[in-house]
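The structure under discussion is supplied below as structure tokens; questions concerning it will follow.
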Amino acid sequence: MIIVMQQGASDAEVANVVQQVEATGFRPFINPGVERKVIALLGEVDIDKVQLVDRFSTFSGVERVQLISEPYKLASRHSHPDPLRFELGLHPDATRVTIGGSELVVMAGPCSVESEAQVVGVAHAVKAAGATLLRGGAFKPRSSPHSFQGMGLDGLKLLATARAATGLPVVTEIMDPHDLDEICRYADVIQIGARNMQNFSLLRYVGETRVPVLLKRGPGAKVSDFLLAAEYVLAGGNHRVILCERGIITFEDSTRYTTDINAIPVLKRQTHLPVVLDPSHATGDSAYVPSVAMAAVAGGADGLIIEVHPDPSKALSDGKQSLKPDQFSVLMDKLRRLAPVVDRELQAPAASLA
Amino acid sequence: MIIVMQQGASDAEVANVVQQVEATGFRPFINPGVERKVIALLGEVDIDKVQLVDRFSTFSGVERVQLISEPYKLASRHSHPDPLRFELGLHPDATRVTIGGSELVVMAGPCSVESEAQVVGVAHAVKAAGATLLRGGAFKPRSSPHSFQGMGLDGLKLLATARAATGLPVVTEIMDPHDLDEICRYADVIQIGARNMQNFSLLRYVGETRVPVLLKRGPGAKVSDFLLAAEYVLAGGNHRVILCERGIITFEDSTRYTTDINAIPVLKRQTHLPVVLDPSHATGDSAYVPSVAMAAVAGGADGLIIEVHPDPSKALSDGKQSLKPDQFSVLMDKLRRLAPVVDRELQAPAASLA
Amino acid sequence: MIIVMQQGASDAEVANVVQQVEATGFRPFINPGVERKVIALLGEVDIDKVQLVDRFSTFSGVERVQLISEPYKLASRHSHPDPLRFELGLHPDATRVTIGGSELVVMAGPCSVESEAQVVGVAHAVKAAGATLLRGGAFKPRSSPHSFQGMGLDGLKLLATARAATGLPVVTEIMDPHDLDEICRYADVIQIGARNMQNFSLLRYVGETRVPVLLKRGPGAKVSDFLLAAEYVLAGGNHRVILCERGIITFEDSTRYTTDINAIPVLKRQTHLPVVLDPSHATGDSAYVPSVAMAAVAGGADGLIIEVHPDPSKALSDGKQSLKPDQFSVLMDKLRRLAPVVDRELQAPAASLA
Amino acid sequence: MIIVMQQGASDAEVANVVQQVEATGFRPFINPGVERKVIALLGEVDIDKVQLVDRFSTFSGVERVQLISEPYKLASRHSHPDPLRFELGLHPDATRVTIGGSELVVMAGPCSVESEAQVVGVAHAVKAAGATLLRGGAFKPRSSPHSFQGMGLDGLKLLATARAATGLPVVTEIMDPHDLDEICRYADVIQIGARNMQNFSLLRYVGETRVPVLLKRGPGAKVSDFLLAAEYVLAGGNHRVILCERGIITFEDSTRYTTDINAIPVLKRQTHLPVVLDPSHATGDSAYVPSVAMAAVAGGADGLIIEVHPDPSKALSDGKQSLKPDQFSVLMDKLRRLAPVVDRELQAPAASLA
């Protein structure tokens, strides 16, 4: 941490800061700058540094305080130099999948679970095209209270039925901590939605389980906030976290969100956790999903999560951004050609879509 | 709702859309534009329009679909032309305050409750300066899991002690639905923090109570999302919601957030709910709090929520943005002179700060 | 400037950076941090520090490089502790006005000059209401090449006619350096529009004149970029620059831009240059102009620039955001009551509006 | 265009709007909505629609006015359904290159021209790696007036020398219209920099030439503004415009800008003009350039513009984002493997880098 003093800070102000630094256990180190003095904190003290930044910022004569190291430790690549690989699909009915390695992991399925026919049908279709996980929402976060809110527990059961039929592990979202036990029973991967990325209470509950977590980036969250949110889950002892970029909110309005493609290499550099991208939410328009999916994989993503619906015009949510099974299959063929260019493999498609 | 067809959409595509519109119960109305056809939906049908927009967007030949009326009904000024006024401070120890009328309501206190001496001391100080509610966090949402997370239930009890000592009604934040009963017992106003603005599960729980709610705008939320979040609370039957602008996330980095001052007149036009502003979080720097507080009141806010700490350099959270009691008192004097210019009144200060 | 080394940077990498620092003439100063080394540059060397940041960033083992002092010198309050006051209206026909002092300066007039009747009529009206400068565009920057582009030289002459009739000094925009001589002949204040804020070539030309400059902030420009743009004008020897906040581009879409009200106190702290706000462009809607104008003055602005049109529905540009003369007059009455609360004065209105 | 009336607009207000619409020559068409009336404008009238939107917005009883068709015509794909292909490199010394077709066009070179050895050396190196155009700045737009501003005319001559030595056509930036003739003499492609994207005066001058234009997107410009800026050039009769995405300004601060990868498929859908991406400026960090370059090509870009410097640590500008020649060569090898996956070709590298 460094403390930058204001230009013209008095000797008394500097002396006070030095004394306060000493009181924390750090050794203060004054850089005698010509324009401004800068005080560095040396040593290793077990103290909340984020809070310290805030506190030193209030002292008289201080211009600003900066952390030199990241505020997240568990999510940082410094403590885990190698990329993390782990298995998904611990449920007996599931076929296991490894994320974080050379396997390109594609999770696909409908935004919302709507019926057995729909979810089992889509599961077969996406599996045939080469997807290895099934996504589907039973509890849906909707901007309006008047919109369809999901099938709830019945939806979870239908996802389990689809898993039994296809072997695809299931990714589904949690919204309410009261549903934790039920979701842990049915899901192979628990999704934390973008709007709950800083629902710290929910992050803690999920961190206490040992079910892998797909953490979606909040549309207004910086990469550093995103990693701190992951830190909440990791701090509970659950170290199997997948980070999901799904678009950020910007001034651009030709798409629903702006895909932060830069975040792919940034995250791969800063953390050992696997990174996937959701082109469906990040664009909001199925016409743009294939381009952005290809871009994500070429840019280094470990996987994708894509909305697929048998009949998007009848979807109860987010139909506009859903691919039809045949469009998804065409995309998967392109991804299969792309994968080896970036040293990845994508599962071969099943013999037929029928 | 209007459906804009693509340039060159075929007659069959138009006919299909028309047929689908009829199936919903609306009457389709085709504007024979030269470049593009536009189909309007007439009539009043009890159906989820947000979902309908999404569904029609997927039809072949459709360029885009637009809602003409707002997706929120309960929060809209169209159904409540007059500004809403209601009382805060129903607890027997509290002195009642009316928000939404000519009274300028100032809520003040520490970011986090830290000790009885701290919170009772601040309560007396802010009351002496003219504040009429006490704010203070017992459960704290912190970006890092390694930061101080609040005193919890003990903090709630200290807030009650401060209320008993001063008569100031208490505003405090809820993070976990499991704490709802305890918070309802102690709080006069339940705060939903910015990061939980779209924690729809929490909004529903709070909407089922009858305790007034202070809903903070998410840093990445549009005004329309903000009103939809309020709609969740209103939909549960709890109609006493106060909207709080607290800064949005933008590219500007000289302040922590960007105060959206435009949102004050925009919200006053679109909703009947009272609107307050939090200059402490919206700037992140106590040096800027007085200017922005003055701006908010001159711009039409119904009140303010301001962080005040007896010794910001010792605060366990957000010290940099906290005013000292004497700085707060100076600001209140300026606000007292400003209030009548915008047809408001601010409570006279107590006889002395001692 | 400080250079933060990567965690695990080798001794050779540190030694190389130290040697490169010495080569610049600065004295390197190593903070032996536990996690990362930080090298501070001491001494005062006449060198382009922005470029140096960039260069040191490329060295092996360097994590990042940070400037401790601002990259702008001439615009910084450190070199000019007192707010700058200067006179506007040097043309013989103009009544002089002082900006930067206790006088609240209101510039008002149409977006575009359209006819003699229009501009002279508005000039009389805004003067009667208490405005002390006339704004009006002769050369118009329009997003579309198919939109009205302004009257050009004829527009300048009509502005001069209005000045002769009312004594109001004239503010008008330059777009093309080829027009510089003509604009200097007619204008009392040259406006650099928001889209040209980083047209560095134009800034240089204007910096070589001695005509006061109204520099509008670019909608995508940070405060630090804004001050660097002012630095271009100041570097040419023209020190009379007025900074104008006019809204930034954000994700919020209920208004055309987001007024950055925080920028008012931020700029007042960082620079000695006067600061005004343009509520017309910053909101894009005349319904919100009065609130935001009041907020700006309460927040510390030295003045306002407001669009007024006799018949906004017939305006050739930006009619939606223009006030009618009577609406402007009502606003001025409110501002006149507000001014003394913030230790400002606003000129009394003329005897009658007729 | 449609005009949405306010809820509760009076019959007289509707009648007035109808009358005004008729006065423009359009036929008004009233949709008798239940909540709000919507008036559509039918027919084809040669009138500035952007201005009309603004004007109708001011009428009493009007809620908002929306354009149904895009305000740009010449840049729209509707008038040019096929992608535009054209040749670059008309100078006798240049080897011609076709952009907009199957050839993947890579422009590479230093940010600033610094010396003959530097620019000729880089030209040979990037050609050897497979680049087909040379980029280099002679006139540099720098945020600070105290930074290196480029070599000017001497820089242009060095670029010509490099072209003579390698056959690579030259891309260079114009800042001042006074330099137009000189730049047209030396450049094969004139670059309009991001900060001048809405320097409409400069766009007009360049539109009057017949030299191909590389138009960079402004960091705060929407896609629609970007296309309107291209419209300015096209309106002058110069139809050879290349659009360049180079990152937009957002709240994310882990990279200098946020690459708007969505803009690639959006632009390819909305316009026939070729689209390239600049990963150097869009990330600001050479560590992220390869990932984002790969993403852009996989996402559908027609080409790339990349900064390459023989010794980034000695670059006079933007060294941090420059690749070294060997890093560039590695990237080109990856792009060469990627190209056929998206039906593109990339020129084979020369026999050796020596």
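Annotations
Letters A, B, C and D name the chains as they come in the text, with residue numbers starting at 1 for each one.
We take it that a residue touches a chain if its C-beta (ideal position, glycine included) is under 8 Å from a C-beta of that chain, and two chains touch if they have at least 3 such contacts.
What you see is a predicted model; the values in this text were computed from it and never measured.
Chains touching both chain A and chain B: C, D.
Comparing the chain pairs B-D and A-D, the larger number of C-beta pairs in contact belongs to A-D.
The most distant chain from chain D, with centres taken as the mean of CA atoms, is B.
Chain B and chain D have Cα centroids lying 40 Å from one another. Averaged Cα coordinates give chain C a centre that lies 27 Å from the centre of chain D.
One finds 31 Å separating the Cα centroids of chain A and chain D. Within chain B, contacts with two or more other chains are made by residues 220, 248-251, 253. If you sketch which chains touch which, every chain touches every other chain without exception. Every residue of chain C that touches chain B in the complex is listed here, in rising order: 220, 222-224, 248, 250-255, 258-266, 268-270, 282-283, 287-288, 291-292, 294-300, 334, 337-338, 341-342. Per the touch definition, chain C reaches chain A in the complex via residues 2, 4, 7-8, 29, 31-36, 38, 40, 42-44, 66, 68-69, 78, 249-251, 253.
For chain C in complex with chain D, the residues that touch the partner chain are 20, 48, 50-51, 54-59, 71-73, 141-148, 175-178, 195-196, 198-204, 218-221, 225, 228, 231-232, 235, 248-249, 286, 312-320, 322.
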